[in-house]
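Note that chain A is present in both complexes that follow, paired respectively with chain B and with chain C.
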Partner chain A sequence: MADADSVVQPQVVCASSTSSSMGDRATFRDGTVSRDGPMSRGAAMSRAGATFRDRATFRDSAKFRTVGVRVKESVATAIVWAAAGLIVAVLGWILADIFLKGVSEVSLSYLWNDMEDAGRGGGILPIIVSTLAILMVTLATSIPLSLATAIALTEHTRDLSTAGRLVRRSLDVLAAVPSIVFGLFGNAFFCIVLGLGYSIWSGGFTLACMALPIMIRTTEQAIRAVPDEYRYASAALGMSRSTTMFRIILPAAAPGLAAGLVLGIGRALAETAALIFTSGYVTRMPESLSDSGRALSVHIYDLAMNVPGGNARSCAAAIVLVALLLMLNLLSAMLTRYVGQKTGTSMFERNDG
Partner chain B sequence: MTSSSPNTLFPFNADRWLAFVTRTCALFSAIIVLLVVTFLALESWPAIQHVGFGRFVTDASWHPLSGLFNLIPMIVGTALTTIGSLFIAVPLGIGSAVFGCFYAPPRLAGFHRRSVELLAGVPSVVFGLWGLVVLVPLLAPLGGSGQSLFAATLVLGLMIVPTIALTSQSALQAVPSQLISGAAALGLQRWVIVWRIALPAGKSGIKTGLLLATCRAMGETMAVLMLAGNVAKMPDSIVSPIRTLTTNVALEMGYATSEHRAILFVSGLVLMSVVCIVILLMDFAGGWKNG
Partner chain C sequence: MIRTEKLSVHYGAFTAVRNASLSVKQGSITAIVGPSGCGKSSFLSALNRMTDLIPSARITGKVMIDCCDIHDQCRSPAELRRCVGMIFQKPNPFPMSIRRNIELALREHGTRDRAELKSITERVLTDVGLWEEVCDRLDMPALQLSGGQQQRLCIARALALQPQVLLMDEPCSALDPIASAKVESLITSLRGRYTIVIVTHNLAQARRIGDDLAVFWVNKGAGEIIEQGPAEDVFETPSHSISAAYLSGTRG
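Our next item is the complex of A and B:
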């Protein structure tokens, strides 16, 4: 950049922009960043060390420069707003469409009756019972495991530093494993090696493996969010570590723990691919946990793909599922807000370890 | 942290017991990954031994019941849908994150973020259902049945937008505010601040989000299963039906036996190794951060 224009005089820049007092980010949400086109461009270059694509503008008149910059600024604003708007629109479109197509089928008797004609008639009671049974197995396995793992990772980390890292790494990998791979694993391990067959047990255990990483992470964050002063005070009173844990820290972290639990339930409810080959898709009312049972999400898939004329029914089941998830989402948001008020931290901030 | 002294009243030491139990559980949680890898490897061993990797690319076609195991169409399907969905999701996701951090009025930013979180929580089977009921009839006039590479890619792209948007937004929020206010004090235009300062500074976090989104797109099963048409042939246009590695497993696992079944596990193993490599690379880049 040999242009004389591109040499910035910092003093001038400061003098010209002190009036707008840029204290923090909020200041320029109001849209008055600067009118100082060429200066700002030169400064941008020196600040970020980047090269300029459009030198030509520098040679143009001051008025034209300002107009060009304004046009670019408004184009950028339009693009960003469009991207954000599109996402919200898609969400609205999906929810509205599913709702409109299925709402005529949803009623109390739909939730309460047995299924008829491969799902084209009757209700979804067996599906709901199977879903809850699978969820119960999942939670009964993953709650103790995630709680214990989180305690080990937070309260005994110093002794475990290398091991602790390894545990976290493996949980990170576990969180990213595709659900169909969990389905394969569940089929090979729970159904065949452990001899559980296509059953609610197999499905529940497979989902427990899937929900574990997110539950451990949220539990860990909830425990970490408890102020250290609680621990010091407890130690000063001569309480043992385990007493501190169960009487002080876990009660204080309870809303955060509940929020983690809700997230885990949400993940388990939304899952389909891992369940097809573990809990199966038998539509009978399950008599015990060793029976195969069809989960709500599998039911949606089966009606849409394998039952001709099942689309409206499938949408109805999707309404039930989405309504459940929305309620859980709301619950989790409320709990999180409560935690935030209590400890002054957000539990979903990442990298706070 | 607090330290515990041996309890003189009871021979049973609750602290040690707690440490032992919780550590055992932590170990167990960590071992699940190994268990998954081990079982995938065990189950896919017959295929690697008897069929061999060579035949996955040299066989004439995918007709597993006649002993023809060409996985190339599925690999191509996975690659095309993943790359295509990234093309859709990256601009949308990063645009949405920039909107949330720099353009939205505060109240709208909260609403927008909640919407993105909701979209992230929509189950993949519901995305698939929506695509099947709404999008496929709309796309049918383009040719074919509407269940096509294009439909699958489009919905997959929308599915991974929230992943990219949320991680990019955290990355942008983590950019030191001195950089931003300094730039603003120099009188920079907003888009210059975003483009030249915020995005370069948040690059590593955004990259992490992209990798996670890639993993998710590769591993997605249900939505693709419902939208891609599932024909195990090389696609010749954007509206021809395709099959991916994941949907291949979901479609054939029900009746597969012996070598055929083992080959499905090979595809699972391949997906799993790609995910492992991505996560380990991210670790390597992040230098054991967050540990």
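Our next item is the complex of A and C:
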């Protein structure tokens, strides 16, 4: 009877001590000991019983979940959702702002005509053409380079080798270099040393230098994320390293590669400072890649800063730029989904949400 | 068919397998059993030089397959692995269609003719009992097959290269009992046509399918073969006390 009593006791003590948030299980144990006296035989037996019973706390879990804990949980939930909401709100604000200010200026003829009056009138066709041309040059140089570098980093160097570390460290430094520095370098190297002048070539190459670090790192991660099982299976079938890479690893890494490409394109399209020094801001329709051409981002900057009364027009150009980015994002998402359906990996993606 | 002489596998300073000497008869199924970490898989992957893929791995001793030293300079690892297929514990079909899974390696090794590719695909899929199940959806991604079907596809993929030897590293242990039984009867049906070395944790399976048996055990920090011979003999009258306890089920 005495045993049963002391078995029940601790639970009461336990519940009361937590609800008053005074103590934890240690004090409860001390409490049991002091109640019966530390050395008595009865106490030892009851403690054994108590600790065993004590584990079945799920029954009492409702009591443990006190108001304090609930408040803490909901505050934490509120904070994380508020942060997420803030991000969405900022994005929404930006989009709404440029949309409201600029949408009245956007029309088919705006997209299809030459510029007039420093951008206050006419359209932006030459600028769209220049932007796409610069983007083409950028991608044509950066995709092969980033792919090759990423393959070298993943397949031909060990993780801790000096060469691999050197390349990775350089990439991290390059990624952190301000774009204006890239612009000055591009001007000095591509425009002057290589004699390309203010041209789409110079701008494209400079942007390629800027986009490379992020593209290489994402490509590298995508290749690394491909399970080693595929490499083993391929080796066990006597396939060469290049077949393994180009027929198995790269297709399996395609979704990650597309993500890297989108990030690189985003970086390139968003760039203004580097392009002012390299591809220039001539508003003529470029006749070849050696001509100077004004990119959309430079156009937006110029209208907003240098052209009085160009504000609405700069918002219109911003709408075009955002639409272009969204379209490229969508395109890469569709490509990724297509590849996923062909390989069967999309099944897992859908499960992940 | 396969003969190893004092084969040791080292990873850096660690020795995984020490002085393993084993001979495997042509067309037979040799089961390798033993506790985890006793070097069974390392031994197996040394046989087709998969250990080359691990930078720290080092092999000493001799491996003869079909009377040729596998470390002979004039034979490339790719040629070796074409003749010595390998099946892994986890089914690992490539993330592409069933058809391409089989054709990829064939194309790599010089089979380009479409009709030939088609007939080989049908033959090996029939061999593994998968043809009936997938013949109308060969262009479906292989990853959408069930685990057992994937493993049989991997076996078909290896068979397509017409290897002499098949190395299997616990091919059934990632599968449910029914799929496992299918793969097991498939392995039995390959007896005589291919020389098979199979690592398994399942003693009953080793007894059911093995012609010969090799027992690995850890001795002084490295895996060694402590017992080998015809499977029935080794199970009935093991000569080593550890393997006797292990095989009779009183230990391990």
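Keep in mind that, in the parts below, the second predicted complex is superposed on the first by the 234 of 353 C-alpha atoms of A that agree within 3 Å, B and C clash if a C-alpha of one lies under 4 Å from a C-alpha of the other, contacts with A are read in each partner's own complex, and residues count from 1 in each chain.
FYI, contacts are C-beta pairs under 8 Å (C-beta built on N, C-alpha and C of every residue); 3 or more make two chains touch, one makes a residue touch a chain.
Since this is a predicted model, take the numbers as computed values, not measurements.
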Touching partner for A:Ala304 - first (chain B), second (chain C), both, neither: first
Partner chain(s) touched by A:Ser240 [first = chain B, second = chain C, both, neither]: both
Partner contacting more residues of chain A (chain B vs chain C): B
Touching partner for A:Glu229 - first (chain B), second (chain C), both, neither: second
Touched partner set for A:Gly266, first chain B, second chain C, both or neither: first
First, second, both or neither for A:Ala258, with chain B first and chain C second: neither
Contacts of A:Ile124 with chain B and chain C, given as first, second, both or neither: neither
Touching partner for A:Leu184 - first (chain B), second (chain C), both, neither: first
Shared contact residues on chain A - chain B and chain C: 158, 231-232, 234-235, 240, 243
Of all residues in chain A, those that touch chain B in their complex: 10, 13-14, 16-18, 22-29, 31, 33-34, 36-37, 39-41, 43-44, 47-48, 50, 69, 72-73, 76-77, 79-84, 86-88, 90-91, 93-94, 97-98, 101, 144-146, 148-149, 151-153, 155-156, 158-160, 163-174, 176-185, 187-189, 193, 209, 212, 216, 231-232, 234-235, 240-245, 266, 269-273, 276-277, 297-298, 300-301, 304-305, 311, 314-315, 318, 321-322, 325-326, 329, 333, 349-351, 353
List of chain A residues in touch with chain C within their complex: 158, 227, 229-240, 243, 247-248, 251-252, 341-345, 347
In the complex, chain C residues that touch chain A: 48, 50, 53, 55, 77-82, 85-86, 88, 90, 92-97, 104-105, 108-109, 140-144, 154, 157-158, 161
Chain B residues within the chain A interface of the complex: 1-5, 7, 14-15, 17-19, 21-36, 39-40, 42-43, 91-92, 94-96, 98-106, 112, 114-119, 121-130, 132-134, 158, 161-162, 165, 170, 174, 177, 180-197, 200, 212, 215-216, 218-222, 225-226, 246, 249-250, 253-254, 264-265, 268, 271-272, 275-276, 278-280, 283, 288-291
